[in-house]
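Below you'll find the structure, written out as C-alpha cells, and then a few comments.
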Amino acid sequence: MPTPATTVAELMSRLRARKPLVHHITNMVVMNETANITLCAGALPVMAHAPEEVEEMVGAAGALVLNIGTLTKEQVESMLLAGSAANAKGIPIVLDPVGAGATRLRTESALRLLNDLKIAIVRGNIAEVAVLAGYEAKISGVESIGVAADAENVAKRMAEKFGCVAAITGKVDVVSDGKRVAKIANGHAMMGTVTGTGCMATAVTACYAAVEPDWLVAASSALAVYGLAGEVAASKAKGPGSFHVELYDALAGLTEEAVRPGARVEVSGS
Amino acid sequence: MPTPATTVAELMSRLRARKPLVHHITNMVVMNETANITLCAGALPVMAHAPEEVEEMVGAAGALVLNIGTLTKEQVESMLLAGSAANAKGIPIVLDPVGAGATRLRTESALRLLNDLKIAIVRGNIAEVAVLAGYEAKISGVESIGVAADAENVAKRMAEKFGCVAAITGKVDVVSDGKRVAKIANGHAMMGTVTGTGCMATAVTACYAAVEPDWLVAASSALAVYGLAGEVAASKAKGPGSFHVELYDALAGLTEEAVRPGARVEVSGS
Amino acid sequence: MPTPATTVAELMSRLRARKPLVHHITNMVVMNETANITLCAGALPVMAHAPEEVEEMVGAAGALVLNIGTLTKEQVESMLLAGSAANAKGIPIVLDPVGAGATRLRTESALRLLNDLKIAIVRGNIAEVAVLAGYEAKISGVESIGVAADAENVAKRMAEKFGCVAAITGKVDVVSDGKRVAKIANGHAMMGTVTGTGCMATAVTACYAAVEPDWLVAASSALAVYGLAGEVAASKAKGPGSFHVELYDALAGLTEEAVRPGARVEVSGS
C-alpha cells in the first residue's frame, strides 16, 4: 500500500461497482443499522440466522459477519455452521467479539469461533481484543475501561495468535496482520454517542473484505472511509440523533475526490 | 375503482379515522421501522410472536402481517397459529415472503404459509413472487436478480394459484387478483437505498387491508400512498439516512389534496 | 423534593458525571432506540439476554430494565435470573409491563416478575398498570383504551400492592410510592407518534434510578427531563421521523439552565 489514500479511494469505487452480498449473523440491537450501513458502503446486506439456512445463504455472499453482541448458545451454533461453509468456499469472515471479557459466555464463545473457524479479520475495541489475545483487560458491559498494553502490541499478538488481521478501533484505529501495522487517524468522538457504531465499523470492514483479499488493506480502507464519513457527519450534526442520520448520508455520499485527501492511513512493517 | 386517485385519497382518510390495530409477526431487522411506518400510515402496530399469545393478540387486530425476513422454525409455527386464528375471524393476512427462492427454508416456509392459511395479499419483489408462483427466478440474498416473466403475468399466476391478491413492487408496482391488474407508478429509486422499505410497503398494505375488503384496491392504494411519500421524501433528502427520516414525515403528512393529483394508479380487467 | 426542578437538574448532572451501566433485557422492537436514549441520557447501555450470562452482566450494572414488549417464555426466565441477581446486590429493577392486559401471557408474566422479584419502579401506561394493580382496564394491542380509575389512584394502589414506585405516563405523568404523589407536566403529544417512546421513558427512568436511591425522585426527574426533551424536539420536528431524531439530540443537549425553568414537577403527600 505505497500511497494508502489512493488505495482507499480505489477500493471504495471497486466495492460500489461490485456490490457484493454480505451475510450478517449479528446482534438484535444493530440489525437494521448494520444492514443500512452495508447499503451505504456500497454492498448488499442479508441477515439470516436460522441453522437450517445459514450454510445455503452464505454461499452467495462475498463476506460473512459474525457479531456476538446479543449472543445465545443457539446463535453461536448457527455462526459455526455458516462459518464452516464460508471457510470451505474461501469467503472471508469478519468477527466482532462484542463484550468479550464482560461475561464468560462472550469470552468463551468468541474464542470458540476463533479456534474452530478461520477468521479473516477481528474488529473490536482494545479491551475485547486484548482479552482474546491473552492480556488482562477491564470491561464494563461493552465498554473498554482499561488494558495493560497499547493497541499496536495487542493487535500484533492477536494477529499472530489466530492467524488473522486484528483491527482495533479507538481514537486512532490500529490494524495488524502480525507483521504490518496500519494506523488510521480518521473518525470523530461523536461516533461514541451512538450505539452500534462499532458494529457498523465491522459491517463496513466486511464489505471491503469482500472485494480485497489483502485483509489488512481491506480493514484499513474500510475504517478510513467509515471514519471519514464520521468526520463529515460530525460537521453537520447537532447531537447524537442527527449524527446518526448524517453518518449514513455521509458514507453513501463520499467521493474519491474527498477520500484521497481525507483518508489518513499510515502503514509500517512488511 | 373508476377514479382511482380519489379512492386512494378516501381510503387514506378512512384508515386514519379508524386507526385499526395491525399485528405484525415480522423480522428482527425491521421491527422498529415497520411499527413506525404503521403509525405514520394511520394505524396502531403491535408486535408479538410468542406462540402462547399470538392467537389472543391477533383477535383484536384489523390485519395480520407475516414477514419471513429472519424466520426460524419456531417463528413459522407462531405464524401458523396466528394465521389460523386470523382466518377463523376473517382478519386479512398480508404475507411478505422475504428471500423466498434464496434458501430452501424460505421457499418452503412461504409455501407452507400460503398452503395452510388463506392469505389475502402477498407483497414481494418480482423474484420472490415468481418463485412461489412456479417460475424460475434468480435471487441473491433478498434481491431479485432475474426472472423469466413480466410482473403482470407473475402477479396474475400467483393470484390464481393461491386465490390471493399478489402485489409486486418495483419501478412500477403491479397488483392483481387474477382478473384485474392495477399498476402504480409512484415511488422513487431512493427507496432502494434503505433497508426494509419493502417490508414497510407490506406493513402499509396491511393497514389498508384492515379498512378495505377489496384487497386489490387496498394494496393498490397502500402502494400509491407509500410511493407518493417516497417521492416527497426523495425531494427533501440528501442521502439514505435523511431519506429514511423524511419518509416517515412524508407519509404522516400526506393530505388528500396531495394524494388526488399525485396517486398514479391504473386498473385494467374486471 | 422541596424545589423539584432544582433536584431534577442536579440529578441530570449527577447521572452524566457517573455514567452508570444500565443492563436492558428488552423487546426486539426498541433495542436500538432504548440503547441510544440511554446514551443520550448520560448512561452506558448493555443489552444481554442469554440465561448463561445475564446474572454476570447485571453485576456490573447500576440498574436493570425488564421490558416484556416481545416476551417469550425463555426471555422471562432470563429476566428472573437477572432480576434475582440484581436484588441480591441491591441493584434497582425498572419494569415495563408492555401490553399487560392485552394477553394472558403478558399479564401473568408481569405479575410473576412483580411477585418473584423486588421491583423498584414500574413504568407503564395507565391501562397496563391498572390491570396489574387489580383494576378493570381495556387494552388494544399495547394501547390503553379505557380504565375505570384515575392515574393517581391507580399509581397509589400499584405502589402499595407491590411495595414499588409506580410511574404512569400520559398527558400528565403520575408517580407514586403509595404515600407521595408526583405529577410531571412535561412531554408532548408527538411522543405518541413514534413507537417505543414509552419504552424509552422506562430506559431513562432506569438511568436515574442508578444514581438516586429515592425512586420517586428518580422516576419523576427522569420523566421531567425526558418530557422536556420531547417538548424541545417537537418544537423542531416536521413529523414523526424528524421528531424521533430531534428527541435524541434534545435529550443529549439539555442543560441545567433549561431544566430548572422547564421541569414541571409537583409533589404532594409525605
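Here the chain labels run A, B and C in written order, and each chain numbers its own residues starting at 1.
Assume a contact is a pair of C-beta atoms (placed from the backbone, for glycine too) under 8 Å apart; a residue touches a chain by one contact, two chains touch by 3 or more.
For clarity, every value in this text was computed on a predicted model and none was experimentally measured.
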Cα superposition angle of chain B on its copy chain C, in degrees to the nearest 5: 120
Interface sides of chain A and chain B: same vs different residues, half threshold: different
Where chain A and chain B are represented by their mean Cα positions, the distance between them in whole Å: 33
Numbers and ranges of chain B residues touching at least 2 other chains: 28, 32, 244-245
Chain B contact footprint on chain C (complex, rising order): 27-30, 32-33, 69-73, 99, 102-106, 140-143, 193-196, 237-242, 244-245
Chain B-touching residues of chain A, taken from the complex the two chains share: 21, 23, 28, 31-32, 35-36, 39-40, 44-50, 52-53, 56-57, 60-61, 244-250, 252-253
